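I've put the structures underneath this note.
In the two complexes below, chain A is the common chain; its partner is chain B in one and chain C in the other.
Then we have the complex of A and B:
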């Protein structure tokens, strides 16, 4: 349909405030962060100095950045695999026409309805070395040798935070996969039954291919959240002990808002943006292609 | 293919499924149960982890309120207006995007999506600058503005997809009846969009309530900081009393858990819709 000038104007007015918001709060800040990463600024004074690549040189030569990057990669591998596989597995079980189906769904999903900071709070109690739940549980079932200083030991602290994250985010993958499973046309599975296909054959030949769209979404969401992970770490360990649990997001916050090195902070943010974009862009293209089908 | 419906094999498999489901439920529920149990016990009773208290130890809750009570109030005051504003603005932007094809609509859509995925760290410092120069650092107004601005992409995204399900012929018919484009939006589309709104409102309420990063970087005083910041501070204290910490945690999760349990369908639909197209 052709748009008349009057309609054009009306729609332009509708889009005006959101578009302004977008430029002021997203486009401009990204641009400003890019320029700020070549400058030095303490966050408050009027003094802003151009320093070239100095911020990048500084962050890339600091141990903190490499620890953070490594941890982000660990988070990426973890997020792509653990909550995804556990979520799929649980969705598959709940989908086996079990009694109390919706009750189990609620149980698995409830942690995802909780603020990440509250998750951090609950798990810091579970992990507490002085009389915390997990250590006491280990003692009472006769396995005191497995007691750990869960988040106080730099070698395992990141993995301990990941376990809390698994508890929190599995429900998300579970509901996505569950709705994907329910979306599989029953004829497909019935036809396979007629052919006498085993459970495993059906899983491989029908369920996995049919769940590909759900998997793409889950992977994209998990990938992006692995790069963004902040709340849990900030509240549980603050990046410590030492610098062992820092990721780019907590490092950026620390450098910018505790040390007031806004230039270096911006440089970290740019690194974070570049990596996240590389992970998410394929998904954005994939899903904007879907727009065509949606319209017709 | 006929299998013996009364086979032991089948019964065993069913039991195994239930056993795993029950074990998984324990993994997800025990931490919550421990939080609730700990919150009603006195410091002396907490030492014995799995015991029940003789009486509910209310003092934990009064300490918790003194720690995070104000933050809770702040979160309510921040969340309600921010959610209303962003879902309204999202619907406004979604209207043209859902009803017409125009040059560059593909680009607008891509831009929206990227707005959903941009890591907040990249906008953090300039945002801090903007908010300070507008003199709304450490105010409710600043938090409303920020949460609205960053909520608009997801709200637009979701409402666009929702409005797209409402037949366009309805608009043409209304316009032939003498309704203006603006009138159609305010009188017809908004009413028909109610189910979409209820999803967006829940989605946004959860996002704003959960926010920690903006609260940390854009607020400072007790009269403004949201509950997430107060709770994070509380967790970080040394020599903490776990009874009152768990009471504080329990109080802080009640709003979102309640919303989830009451509006389970819409809550999950929002989570799905926020990530899946259409």
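Then we have the complex of A and C:
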């Protein structure tokens, strides 16, 4: 056997495991979810019945779906704006060549290294209606009228969970922006300084355009997180009070594993997949384009 | 190494991974459970000590499944599909158990039951919810009462209050508490923390037959009496809830009563072990009274153990279940669990304070009252899940429009489940 054939076989063998894993753990579950969304199954029984579009009709007539979808959209808008802007702002601050720069980087990034369930636990404690730090602080500074039932009031619970998420995820955006800032050729900024450009002009004409790739990555990642957000909500509110903080992922879990309606749960998964794809595909195309440009 | 050698090595590695991942190699008899909090953890540890003592030469392993019954069902379902479930698992009874039996996943325990003389040593009410089509599929471990209201004894004593016997007295006691700037009733939103509060009202307004009719699916949620029950729930309980109740979990809500901010708390009697672990003395710092409308009735929640048919070590499973159902196993377990043993041969001297009073009440109710199963074990899961959500939603916004919406939603699911023949024809427990 020629050496090139041998190497090809070696590569094929090494590729075999990831390809099999990809099909078993990604492709097959998607296919199975799709077929299951047209069936009725309680997750245990050997009877699986084909029900056509019934599961889709059922979930689209449910109030829970529209509440969840609305919350997902709120999460999307929030995730695209808040952590991105705050991360950019923090990166700019840390980039000012201050003493102990790396310490600030670590400080801001640490929350992102904490598991979401632990974040949920800490923030649930902060939000506790009576003994929670936030309400106690408001009372101690003479603003007891602003005390809230942060995660127990259906009108604000989703935003309270978002705030916890902001604390958790901003560090990630900051790190990406920071590396982007450090990647800007210094000559550009020096030339602007020589021309007497103000801070805002430099920001608008040099920094923003140069950070476009970082912004795309940050926004894409935040967009993806917004659509698959689950753990923080599940651990902090379980989708409640009532159904007020549910998103599609928690609804899918509730329908599948609390109500044991696997078919309807799969239909929600399919809806989530379609919506997420619409949001994520532009990023995938952009990344692929960048890769092609690098190759050529 | 030549290509052939590499292929052989690669295949051997894959085979080794496959073999090692098969838990048959790890021959422990495994039990999966979700008894995780303080007293519960002590209870399962004490039980496992008895199991090991009574079965020398066998190895047992207790694995914790965080996430309660939902996560248990999810993980167990996956393990059953993979052909590798534990020998024994912490089972929901009634309809939940029946769903596993109907799917052909549970081993009958008729032989274990016969050895134990189960028909004699277990309460007749409990026997009904561990049997399906006349066969035994689970061992009942305990009886938790979910219709008792716990109260801060020092607050009651200080204000000269007596435990109320009916809704009218309950409202009077609440009014005195409010007047003294103490919030009457602790409640929690997470994990359906308000659901048990409506049970006494259902029993009071609908009667025990009406309560069972809800569980059987034979009573419409649009029946005027059901509507009246929700309205009574609003008047009796919701109006007494503490500030911010919907932001609390059950343990945090219990803390508010311990701190003296709130005088009463209604939850299952698993809170007894929580109070005691936190240093409260049963009968001195806290006590209980039957919720208004349940002077002669209790609603019980029962933990069970069952064995999946697909598990490998049937002998180990049955040995574990025999020990768990026996006098020593149940005494060890319930001493810490804060519940009353299902096995009637357990001597009552293991109970103290509130649990002794609970034991006495269960005995009295067994003879001359009505013991009802938790709606959780009677209602089909979609209806049970919706009921928890709707009761909580109504407690948050108790207007008539919310009530209309809640009853419509529940009725829609009831009809859907009736069409699927998802209800079982439950009779009472005694």
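One rule holds in what follows: the second predicted complex is superposed on the first by the 285 of 296 C-alpha atoms of A that agree within 3 Å, B and C clash if a C-alpha of one lies under 4 Å from a C-alpha of the other, contacts with A are read in each partner's own complex, and residues count from 1 in each chain.
Just so we're on the same page, a residue touches a chain if its C-beta (ideal position, glycine included) is under 8 Å from a C-beta of that chain, and two chains touch if they have at least 3 such contacts.
Please read all numbers here as calculations on a predicted model, not as lab measurements.
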When chain B and chain C are modelled together on chain A, clash or fit: clash
Chain A: partner with more touched residues, chain B or chain C: B
Contacts of A:45 with chain B and chain C, given as first, second, both or neither: second
Which of chain B and chain C A:261 touches, first, second, both or neither: second
Touching partner for A:280 - first (chain B), second (chain C), both, neither: first
Touched partner set for A:128, first chain B, second chain C, both or neither: both
Chain B versus chain C as contact partner of A:159, first or second or both or neither: neither
Chain C collision site on chain B, chosen from 79-87, 115-123 or 133-141, when both complexes are overlaid on chain A: 133-141
Doubly contacted chain A residues - partners chain C and chain B: 1, 10, 43, 124, 128, 238, 257
Residues of chain B defined as touching chain A within the complex: 1, 17-18, 20-21, 24-25, 27-29, 31-32, 34-35, 38, 46-47, 49, 89-90, 92-93, 95-97, 100-102, 106, 109-111, 113-115, 117-130, 146, 148-150, 152-153, 156, 161, 164, 180-182, 185, 206, 209-210, 212-213, 216-217, 228, 231-232, 234-236, 242, 245-246, 248-249, 252-253, 256-257, 259-261, 264, 267-268, 271-272, 275-278
Parts of chain A lying in touch with chain C, wherever the complex brings them together: 1, 6, 9-10, 13, 42-46, 63, 124, 127-130, 149-154, 237-238, 240-243, 254, 257-261
Touching residues (chain side chain C, partner chain A) in the complex: 3, 6-7, 10, 70-71, 73-74, 77, 80, 99-100, 102-105, 189-191, 243-249, 252, 256, 261, 381-382, 385-386, 389, 392-393, 396-397, 409
Chain A to chain B touching residues, read off their complex: 1, 3, 7, 10-11, 14-15, 17-19, 21-22, 24-26, 28-30, 32-33, 36, 43, 90, 93-94, 96, 98, 104, 106-118, 120-126, 128, 131, 133, 136-137, 167, 170-172, 175-176, 179, 193-194, 196, 213-214, 217, 220-221, 224, 227-228, 230-231, 234-236, 238, 248-249, 252-253, 256-257, 262, 265-266, 268-270, 272-273, 276, 280, 284, 287-288, 290-291, 294-295
